[in-house]
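Each of the two complexes below includes chain A, the first together with chain B, the second together with chain C.
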Partner chain A sequence: MMIAARCTRLGIPIVKNLTRVSSTSMFKSTDLNQHYIHSSVTCFPKCELTSKRYQIERGQFSTISEEDVNFFTNLLGHHRVINDETELEGYNIDWLGMVRGASSVLLKPKTTEEVSTILAYCNKRKLAVCPQGGNTGLVGGSVPVFDEIIISTALMNKVENVDTWLGVVTCQSGCVLEALDEHVSEYGLMIPLDLGAKGSCHIGGNVSTNAGGLRLLRYGSLHGSVLGVEAVLASGEIVDCLSAMKKDNTGYDLKQLFIGSEGTLGLVTKIAINCPPRPQSVNLAFLGLETFDDVLKTYKDAKKKLGEILSSCEFIDQSSIECVEKNLKLKAPIGAHPFYMLIETSGSNGIHDEEKLNVFLEEALGAGLVTDGTVATEPSRMHHIWSIRERIAEALINDGCTYKLVFIYDISLPLPHFYKMVEDMREHLGSNILRCCGYGHIGDGNLHLNITSKEFEKDLLNLIEPTIFEWTAKVNGSISAEHGVGFKKRNYIHYSKSSGAIALMKQLKALMDPNGILNPYKVLPDN
Partner chain B sequence: MSLRVLVGCKRVIDYAVKIRVRPDKMGVVTDGVKHSMNPFDEIAIEEAVRLKEKKIAKEVIAVSCGPTQAQETIRTALAMGADRGIHVEIPAKEMEKLEPLHVSKILAKLAEKEGAELLIVGKQAIDDDSNATAQMTAALLEWPQATFASKIEKTDGTLLVVREVDGGLETIKVKLPAVVSADLRLNEPRYATLPNIMKAKKKKIVKMKPADLGVDTTAHFEVVEVCDPPSREAGIKVEDVDALVSKLKEAGRI
Partner chain C sequence: MMIAARCTRLGIPIVKNLTRVSSTSMFKSTDLNQHYIHSSVTCFPKCELTSKRYQIERGQFSTISEEDVNFFTNLLGHHRVINDETELEGYNIDWLGMVRGASSVLLKPKTTEEVSTILAYCNKRKLAVCPQGGNTGLVGGSVPVFDEIIISTALMNKVENVDTWLGVVTCQSGCVLEALDEHVSEYGLMIPLDLGAKGSCHIGGNVSTNAGGLRLLRYGSLHGSVLGVEAVLASGEIVDCLSAMKKDNTGYDLKQLFIGSEGTLGLVTKIAINCPPRPQSVNLAFLGLETFDDVLKTYKDAKKKLGEILSSCEFIDQSSIECVEKNLKLKAPIGAHPFYMLIETSGSNGIHDEEKLNVFLEEALGAGLVTDGTVATEPSRMHHIWSIRERIAEALINDGCTYKLVFIYDISLPLPHFYKMVEDMREHLGSNILRCCGYGHIGDGNLHLNITSKEFEKDLLNLIEPTIFEWTAKVNGSISAEHGVGFKKRNYIHYSKSSGAIALMKQLKALMDPNGILNPYKVLPDN
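Moving on to the complex of A and B:
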């Protein structure tokens, strides 16, 4: 039997073994006798401390004392309290390598009760905390800014129950998304959420950031698919809204407060999520197009002709594909085109779906909207095509050879303005940057605009922001479609939310976390 | 001198699918499981198509032995650039009992019938890992064989083939007609693009049975059992070297 090996993305070492013994394992390679290990965290020098790089003052919190460490050690045992500086490095810096905190303690609780005891103690002592899942967030929300205690969900990874009648899975918040999906696949179900970080991100983090991902188009947002949440408040009080019922209109729907509030209103400890049946037949088309107008028309066409079987619609520009091909040595299935699209269908009947897809593709080709493309239905092929889209961020990190410098923007825009933003920003930034590229969930009106540069310059950041945010506000878009606000965008939410709304957010925060210990310096603007 | 090339391609379970042993322990579950062309055969087809693009080959014929669905595999080969296909029908139930020797006899007969001057196949199939078909076909035809090819060049009347062997790379010269088996690094197969997928629908696939070629598919092997590899047991930690030595002695290792 052949060995099927897996490659986890994002921050986890990727080992490519190229000796002849493993020539039956299906990694295409160009080097015959080279072993290499690539880790996206250790290849680059550490960035400056966030507290030095950005103008920010530490809040009125206590500092950790030996007594505090002893309390945690008594509670968790010394294996689950990390205070070694080198070991903490990976937890103090985000995946993009652009924000770095200085925490000296990381805690690894296993149960909700332990989280409750920790938070109650921290609240009493006025010690700030930073909840952390897989640390794959892109807005600096998952790492400390100063010396906040990191509370990691890494050991809270039990699946409690899979209800196969309702199609609901109840689990702890530290379950890795991909592992959770594999678990429910044994029951013929799937997690309604998929994103490039799936090999590392925790479902608790996904819920806390209201992650969108590749299939929001078909399965909707987490605000709809999460049925229940158990969270711990800053006071240590456990809020149990873990009902797994699809319909439950009894009182205020409190779980919605924890979905998307990025750990600032409570630490999510358990989740009940609605799982749709796993599709029997999946098809993936990778298409090449000449103009963005063609992209828009093809998307509209796809919605009409593919209808209920459409499960994902992504677009990628030429610059992004160039980056992936150059930095990750992944080859696109078709030649160079100004624009590309990935269209995926998922359904219960392969023959029905393939027919619909073939009719749609033949007509798109005939009308000249699509100039080239390929279709795949084999898991191995689809895997390869998806990796081209899912690893764009990883490719961009490797664009600047000596520093990781990619500015990531995640904007919701009305579709006609989509690509104009990329073109305008490219012109505006000129030769100050290496690359300005766009890709994203065109099906959701969500553009990922990424800019890479050679070095971190404050001036460059000021050149990009607030121009990009003003552009967004002018067309009534959102400055953060799905990535959240975290640390990096906290002072810009007024571009997309009214002052009255922001004021109410601050009131809620004050009510639920009077000492402000939960993930400070994040989400809400500094005063 | 333009060659007629025959390429064998096998329909196997897709390598990204999790394999499950059947409850009767006589095989693996294939019903409802995604299949695709054996990756090494994709490389073989790609090489044949490239030979045609270089004008070294004049025609590429794709052959597959299998049930009705094998035609999908042949269509993929046609979409990659093969000119026509031959489907040797083997009913689904008998697929398990089909052996490399049967396939070799079929390919040998087809090579003679079609007047092929070059036969390329993948070095092995990822389901049975036999790595025998190319070698046996060459023996039946009394043609030279160049297996585990990672590079093929044509010089007048002969092929210069670089082979991947345990010691490194070996370059050999084989006279045509010859059998070549493709290894991983021979090339990177293209994706079949939409215009070619549509053109392929019009290309011909001829159907036939092994009996039509005078090949007897009686099994020589009998599968006794198919089972999962034993699950990996947890290791144990010992306190010091003395404990390690005594544990090793207990386990009869030293």
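Moving on to the complex of A and C:
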């Protein structure tokens, strides 16, 4: 109730920055959509402008004029050109409250043709733009740095077609992930992507970030699942690679350029995505373990014994659970353990799945790998357990202002090094921080390492970075597994990519966006 | 024995153009490697030079000089620079015997650095090159058109690492697919790609073609499975994107540019590929059906009832089976039917899988969708059934010279149009041809439509093309599902891609290979 009131006061549209409410959440509010709650960043003091905090120099772009606003108003109408400062606030700041731009105009096109007209105009006028979906990104990729015009996909939310034979949905890029999943569920299908922000993130943003999420282990990355993309280049030219076929080997696979390039090479307007059959039976085990070595062994066992029904394998450490329990009052279903795992199975035959899961769990318990655990099959219980995992980031940043700031690191590591990084960083940072915890998609080798502190301190940041990236590079990991590099990580990209690769990226950018108007200050390093 | 003798006579290396022998094949030969047989193109009269047959104009490239040969010989040694005309013959002609180049030099580098030196030299000298893996391609992408220097990956066959925790193999691009699969099988893993040419195709060729194969339905495309690529650009620069992490979102996903670009943007030297756990239990059903409508319903039922254990769903028509039975003396395990399906399950629990398969089959038989069928679980029987499917192309081209030529079309279609194309083409071509048959990966909407004729006739080709591509475009299909466009389909690419997309492809080519030396006359259309 309180949070809803805050949102209204600040004029932030209530459909923005939503995360799904756990059935046990104390923050449930009937003022908002029944299933959603605003996980607001607004309980923090207004954060500094990015340009100031990070001392960034503005690019050689034009400044928006009254004439420009008139052009956009003529094209879209008054209600789809937002230039009220208060209304713009929520679009200028990121979900973590760590980066803030100063855009004075937000545009809400409904069609590809409108996007094309907008970009052609901006390109001619050398006006920089920042494409924005649900603004749930964690690396500052979806908010402006200076006064870039925000192009929101919020009104581009039409589903164009569902091929029920092959299992493919074609839609506009502004469809909210969860709504799209609900739509295809009517045909017995599912979107092969699921993540905590599903209630507000847009599928176009997911594609532009190459979001990974909770079930990549089973369904693979968006580079495989996305079958077609329509995108608009900086010039306004529409690139139609919107095949809805499962296989299409006609020339270079251009759509891949738009997957994961965070809106810097083109603005994604439509997507065709492969939809697997929706599982008939889902089980979720929440397990407690004593050592990280047991976690690794349990993961390997799960892969072997659960095989094709394993749909998620997640890891959470004690510190992360403590934070969720304390700050969101979500109670873990088992007592305290140094480590926890969530293991989900999805299959077509409930009896078979249960049998496989039982055999796996009995053997894991018998071998002493797992010391306690519970299995949920009832939707509300599964929902509760998932919310513990999905809301860790929220617990860290949005807990009644106990913490002021959370530094989120999204790292890929070879499994033997996975938790060692958390331990080493904890030791390295000592008493300079409030908390250092780790969780993530262990089945994909993807650690989310979070560090909380009282406020944004440059000294602390210098203590964390680049040490954390050097550590990652030493074991051949990736400094961004699934969140992208956006604004915050762009100057560390060389820890994961060779100078030759970065040079080629820059050439691609220069080719496809010669004036550099598309999401400037993002992805590519300054030098 | 006869075929082996032919090969030896022509001096074609016996490790080239191999397909796995069925245990029932009459062509089994102990002269060759125990498991392989040469499915030679050499029983056909030597085909015309591509440049003559298709009236192609040579690009503005230099001609190889003695000095150039000396440079390569100094770099690689005599035995890795092949310039004997007879020895080169098998590398200049494709597997179908339809396109033939006139290269006078083939190079066999062993390392990325050697490839880099070769390409830097060729780029400086403006010498065109044709990268070649196992030369099993079907669109003329892997053989030269004129005198391009062939760069073979045959000696780049080292496995560098197997990450047994995450299930990832890193290897050189010349590893033979089947050998690589055998290698990772020692760790309980599998390569998520399987196709008829597995005994001779190279993984680098698979990646460069974005090969699909028999299990894409289950494991997805190489755009998702390939985690890392190292490639050498035309300039000789090595692009290292060889991450072996399951997730890596650091900048543009450059490796995707090399997947499916058929060696025209860079030469793939190393690959890291995701390897799923090897299934514990495999079943294969061979079914007979009366109508294509029954095929579609059975496919939909299989997807639903077999769910996560469905690993392949293939379709064969009567004419294709007749050809295999007649020409290869491979007997189908059930009597004559208008249509056949192969449905494979792979899982972690044999009892569960068998139960699911039995329920599915009983219901399909009970509903009259399937009228006859057999299930194989024993490896040699499964092998026999698979060889019927895998050797259809061989039966069509290599059957004691009953047919002189086969036109292979590899089309993606929405399922309701899938077999209508075969029927329409049969009617359209009438008595001008010997056979028009269809088979393919129905689970992926991927039809292989084959047309045989006595000899290469321009009039017949004009009767087939572009009609077949127009038909495909009308139903929003793809004119190349998994074989690529190579030389043969490049000028029809606009049936599946927009002019804007093609223009961007050409810009990418100009950026990455400004002298156009990498596999010229391939992929991109003339105009």
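Basically, the second predicted complex is superposed on the first by the 483 of 527 C-alpha atoms of A that agree within 3 Å, B and C clash if a C-alpha of one lies under 4 Å from a C-alpha of the other, contacts with A are read in each partner's own complex, and residues count from 1 in each chain.
Definition applied: contacts are C-beta pairs under 8 Å (C-beta built on N, C-alpha and C of every residue); 3 or more make two chains touch, one makes a residue touch a chain.
Small disclaimer: the values here were computed from a predicted structure and weren't measured.
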- Which partner does A:E160 reach: the first (chain B), the second (chain C), both, or neither? neither
- Does chain B (first) or chain C (second) touch A:D293, or do both, or does neither? neither
- Task: Identify the partner contact of A:G484: answer first if only chain B is touched, second if only chain C is, both if each is, neither if none is.
- Result: second
- Could you say whether A:P277 touches chain B, chain C, both of them, or neither, answering first, second, both or neither? second
- Message: Contact-wise, after the overlay, does A:G445 reach chain B, chain C, both or neither (first, second, both, neither)?
- Response: second
- Residues of chain A at both interfaces, chain B in one complex, chain C in the other: 280
- Query: Which residues, counting only chain B, touch chain A once they are in their complex?
  - Reply: 14-19, 32, 34-36, 39, 124, 126, 129, 164, 166, 183-185, 188, 191-195, 197-198, 229
- Query: Touching chain B in the complex: which residues of chain A?
  - Reply: 1-2, 4, 20, 23-24, 26, 28-30, 32, 280, 286-287, 331, 333-334, 361-362, 365, 370, 372-381, 383
- Item | chain C residues touching chain A - in the complex, by the definition given at the top | 163, 165-167, 188, 209-210, 212, 216, 220-221, 223-225, 233, 237-241, 243-254, 256-257, 259-261, 265, 274, 277, 279-280, 296, 300, 303-309, 346-349, 352, 355-356, 412-416, 441, 444-446, 476-485, 489, 493, 496-498, 500-502, 504-505, 507-508, 511-512, 523-524
